[in-house]
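One chain, chain A, links the two complexes that follow: it is found with chain B in the first and with chain C in the second.
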Partner chain A sequence: MATMGLEPLAVLGLAAVIAMAISPRASDGTTRSIAALGLIAALILAAGSQGALTSALLTGDAAARFGTGLCCLSGLAALAILRPASAPREAPALILLATLGASVLSGAAHAATLFVGLELVTLALIALTVLPRSAPALEAGYKLLILGGIGAATLLMGLAFAFAATGELTFAAWSSTDRLVALGAALLLAGLAFKFSLVPFHMWTPDIFSGAPAAAAIVAGVASKVGVAIVLLRLQPQMPATGIWQTGLAALGIASVVLGNLQALRQPSLPRMLGFSSIAHSGYLALILASGAADTAQAVLFYIATYAPALFAALAAAAILDRDANLTGLRGLVWAQPLTGAVLTLALLSLAGLPLAVGFWAKFQLFSALAQAGTYGLLAVAILGSAAGLYFYLRFTVTLFRRDGVDFPRPPHWQEAAVLLAAAATIVGLGVYPGPLYALVTASLP
Partner chain B sequence: MALIALILLPFLGGIFALIAGKAEPTAARIVAVVFLFCGVLALAWTYQHAEAGRWMMMTREPWAPAMGMSIILAIDGLSFIMVALSLALGLLTVVLSWNATDRAPLLHATLCWTVAASNGVFLAFDLVLLAFFWELMLVPSFLLIAIWGHGDREAAAIKFLIYNAIAGLGLLAAVFWIGASGPTVSFDAFEVAERGLPPTAQIWLLLGFALAFMVKLPVPPFHAWLPDAHTQAPTVGSILLAGLLLKTGAYGLFRFPTLLFPQGMEVLAPYGLILGAFGTIYGALVACGQTDAKRLVAYTSVAHMSVVLMGICGGVHFSLMGAGIIMVAHAFSASALFLLIGAVYDRVHTRDLRELGGLQRSAPRFAAAFALFFSATLAMPGTANFLGEALVITGMFQVNWLYASITLVSLVVSVVYGTRLFQRIVFGTPRKAQVTVDLSFRELGPVVVLAIGTLLFGVLPQFLMTGLDPAVNSAVEALRAATP
Partner chain C sequence: MNATFALWAGSLALISALLVVTRASVVHALIWLLVTLLSLSASFFALGASFAGAAQILIYAGAILAVFVFVVMTVDASPKALEQERARLGRAWVPPALVAALVLVPLFAWRGAPGADTAAPMGAAVSATDLGMLLFGPWAAVVEIASGLLLAALMGARHLGRRGKPEGRG
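Let's look at the complex of A and B:
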């Protein structure tokens, strides 16, 4: 079948429109089912389609399809852990819109699609964040609204500078050595860093993780990151090799690794710790991008793909435990709820980068990319970061095994259990046999 | 395939033990024993089908070729002895925890997984696979301490894992540098050894490897995790830590520096000797000041493993052979001491030397066992420990008389702590806590096995020495070739 590679986007958009249209009348279950069907259909289309349409605005190449697939998976995970209590009926439609936005981002080849994709993610994310209308959710929403707005403005300014200098809106414009373009590149990087939650543009991230529904955290932590990472990968070859871009990425990456890990060290709340850890993981990705290693793209895509299941599982556990997901509330979880506890253990070990969990291979890719590029300074930062990371992930892991357990609110719902099981299977399966993922990633380079 | 089975059987044993334990708690231990025993059979099979030449058997299977990784397992006498040790200690710990009631299926599964991961370390020759098992080994040990430990077990477990995992990062970074250094990405240790690495790089890479191995060994100043981990770990955990985990560090130092970085080893070995000399005196002196029996034995481990480090860094035939024998002998004696102290603790709930005493009247079997293994730790002739220490000292005299004398001094100090421990627990009148129940048959079995091992290898070391010979010889040759 001759395809253009854009069908997943069409399906996602259609499903979002339907879900939105029926949400006031139809039952919660119906809306969710339609959203889930849309996501699964888009996932299948993304996996199955072969074509690579390249228009000036959007490409449907392998990287775009990889990104779309990962976004759909994170959409499904978000949908599954959406709890009725905190989720009005619009939530599934918002998840679809955010997924669509992130998918557009991963195919963006032009300033316009870049901006549209980013804003689609951010706006849907803001709405998703404030849905519970609790004080922490509103605070997170406001932060995202204001900081996201600043980020978008910075980004637009950067795009405008490049357009002013070259009269070109495709990504090719950035290869110009014009001073104005270099300034634009700095602004563009700052704008993208907001969405990628790199320090010092990270302030909204921990709040989204702790205040907003876990579904919003999944969208912010995986879907939007996949999109932005692929954009960064596409921009990378256009940028002059020794310029503001590499230096900026390295500085942002070092700051994120250091600060993210440090702030996570003493964090008693699981979601908030995950928020800071997500900043640190963005930092590692920035380090890979800054290193300019030959297989940067492989390493980045591999890293995100391995980070995703661990985050799904950890956030699903956080959603199940709701307000008790902190160091005291997690005591003895493994004995009280073996499934949730064991999978959360696996997820934490994966984030810490210990073997048999796929996170080990992520650490492998990170270190080997930095070692290959010969950037030993960045390698040292990455090593110190993962060393610090061990402490806070293990602090939570140990708590799960304590004997002075507490009472847990409720067992996992079947959808949450499905997310937990699927994530665990992915973490262990790819942890033992990472070859297939690596092959997929290698076939999906932008 | 037999080599893969050596790793897979204990691993599957753990999983099936867990599954079987769900239905019938007592089934778990039987499953664990059966699978570990099958591991022993697989080991026997490799011995039967050993090929002539440097390696008894070698297996190469693709794993993730695109990432430059394959499964490369090889076994020689050294690896064989280590794997045999790990399976034996695995069986021993399962038998010892036969009547455990606290989450017994998970306990037995964890023991099996520890054995599986350490077998992986002893057999892996793809460097990524080595790093993989190296870090994997930490997870079950971490669980052993964190779930079944005493006292402040959470802190001890985290400390154990953080120390070792951070040190493991050194290994990991070095492995990636090696992988990226060749014409194609390859982590095959044999290929890297053949190709040779640039001498200056060898020093840095060896530092990365040595960091991981020396923390696990452990040599001061990298030892701070060990006393806590040992003290808080359950008895079976202590046995596996002392008998198995420390040995992976020693094995790593024995095997990889001379294989991959002979020139680097040439440069760094003197510093290793200094560290080892310091460690053996330090460990012995600190052991003298301990009041907790387990902590005391933990520090003696530091002292003995430092002697192993000296033996390896000495780089001559005698010292390497001695180091290899101490590795085995210490596994027996330290495991036995932890077992005995654990048994005392089960009865009187204290390990404080100031509260114990008078074992020889109330529990003669205990006393006899203590007597034997104390003599072993202070290297009494007739025990395998003596043989190892004697060989290391002989070798040290070929290297530098100063180091030889330091090792001798540490032996003298070991008499101090050994007799102190012995006197406090076995002789005298019972102070606060009196042990009235002697060793049970379930405890006696493992003790007898360890005693036989200690004495047998003490008087008939031929089997060990023939086994170690190829590894020792190639290490000596590699160092000789590297000498300018």
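Let's look at the complex of A and C:
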């Protein structure tokens, strides 16, 4: 199996430093171009490099490659929808640092890289969140700072317990059945659930989506989730079967699916609805992990890869519409701005899991994994959650087609249009013919 | 330097940490925090982690506490505010205490369980040279990534500290 060297991470870090160093003098366009070049180079290197990481800290296996690639794509999408008018010049460097953190996380095989990667994503995300310095953004940043701090402390406590019992910092430490390690595993799960926005550790997510720039929401919704999901996938086989891990994941997953979907039901604001639905989607992933199905890893990676383009498109539309991205402001969007309206429709249908959009295959994988594992209780929760999801996604979709439209502030920039078009092509292309993505995911198992 | 001393210093740290979070006056809390940090450092020395003990004194008891002193200057310490703080502390201790109990009870309950390792893991002393060899050898990548962490924090702090009017949502 082909492995990845350190190059993609080095390129991301170098590009972040260059983008930061030139940002006071160079124009906004130059800084962004350098950041975009760095992301594209890292993407190509992650896909094509043949180096091998020999360190015990980081692995360069196929899953790390897949995670790094997806993080770079989310970084590019975040860069494209960052509005020049309000984005300070250091924003591209912050996006690169967040991407670097998520990539480190997807290659983490050791407590040190796990913690440093997680904190790098969180800190860069906090800085991205407070960029507009408006009251909602500051509130979201404050919540993320305090809750993220609690999550990090919980995680460290868990790592310390495992180290105290086994004297081992690699993920292999968790296979011990020592009771101290079991206690550590519970704390580790709670710490990771903070970052994965699982109920009851989800309080920061809706605020990031509605108060922060859409670019920060992309990082929180895709890059950081990819990293944490791959960490969960790597930890899963190490955990003893009788431990708290599976039960805890199932409980967190059920709570997230139920609460995320219920709170999204009555939500009039598009970004806030996406925030609650992001909690529900994390819950579906936790359900797959808890089921212990044979093809857990395929289903999880496939689900995230299909969730990403839909979220890119929906958040790009939310960034274009800015304050009007709610049920009244979205009326008649399809007629007034055909591109934004049509792509937003596709994204919502994909998130709902309707056929011909790629989200359908993700939901199909989810249900078949849960059914194969014989966990019918979890399957029932997932089906009920998806049914509720159908209601609120279609509620927004129907609004887009109303004839009594309102005036829209501005058409999309070319970068935003590019994100919309690429996301739409991915959603429809893979929705009709999901074969290539299946092949890629099957080749990218950890 | 032995395990008994480490245990003693550790209990001192625990007691003074409890005093930190129960003091109404921020200055008193800071002094107890200093005691906590110093006794933690003592227990590090006793366990043979002399570098971690020295770093604890230099960084936490020195640099970080100095930053806290600056924060204290901006805090309202009038008797009225103190009274308000006391009233708030009256109820606030319940949830953290419950969480602490949740962690501590299994630790004590399982102490005598069969198969549990009751002996403290007393490793060999780690010298600063060994640590440096590790950080600049196999762990160099992590050190570099941690520098990115500081960079992100620095940019965020600089942005928040910038003067001028807040900008719109972007």
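To be clear about the criterion, the second predicted complex is superposed on the first by the 438 of 446 C-alpha atoms of A that agree within 3 Å, B and C clash if a C-alpha of one lies under 4 Å from a C-alpha of the other, contacts with A are read in each partner's own complex, and residues count from 1 in each chain.
The rule is simple: contacts are C-beta pairs under 8 Å (C-beta built on N, C-alpha and C of every residue); 3 or more make two chains touch, one makes a residue touch a chain.
Bear in mind the structure is a predicted one, so any value in this text is a computation, not a measurement.
Bringing the complexes onto one copy of chain A puts chain B beside chain C with no clash.
Shared-chain residue A:L37: touches no atom of chain B or chain C.
For chain A, the partner touching the most residues, choosing from chain B and chain C, is C. In the superposition on chain A, A:A418 contacts neither chain B nor chain C. In the superposition on chain A, contact of A:V130 is made with chain C only, not with chain B.
Contact with chain C, but none with chain B, is seen for A:R323 once the two complexes are overlaid on the shared chain.
For the three-chain arrangement built by superposition, the Cα-centre angle with chain A at its corner and chain B and chain C at its ends equals 150°, in steps of 10.
In the superposed pair of complexes, A:K363 makes contact with chain B only, with no contact to chain C. Looking at the shared chain after the overlay, A:L58 reaches chain C, while chain B stays out of its contact range. In the superposition on chain A, A:L180 makes contact with chain C only, not with chain B. Superposing the two structures on chain A brings chain B to within 31 Å of chain C, judged by their nearest Cα atoms. With the contact threshold set out at the top, not one residue of chain A is in contact with chain B in one structure and with chain C in the other. Put simply, chain A touches chain C in their complex at residues 6, 9, 13, 16-17, 20, 55-58, 82-83, 85-88, 90, 93-94, 97-98, 100-101, 104, 112-113, 116-117, 119-120, 123-124, 126-127, 130-134, 136-137, 157, 164-165, 167, 178-180, 183, 187, 213, 215, 319, 322-323. By the touch criterion stated above, chain A contacts chain B in their complex at residues 349, 352, 354-356, 360, 363-364, 367-368, 371-372, 379, 383, 386-387, 390-391, 394-395, 397-399, 401-402, 433-435, 438-439, 442. Per the touch definition, chain C reaches chain A in the complex via residues 103, 106-107, 110, 113, 116-117, 121, 123, 138-139, 141-142, 144-146, 148-149, 151-153, 155-156, 158-160, 166-170.
Put simply, chain B touches chain A in their complex at residues 63-67, 128, 132-133, 135-136, 138-139, 142-143, 146-147, 154, 157-158, 161-162, 165-166, 169, 172-173, 176-177, 179-180.
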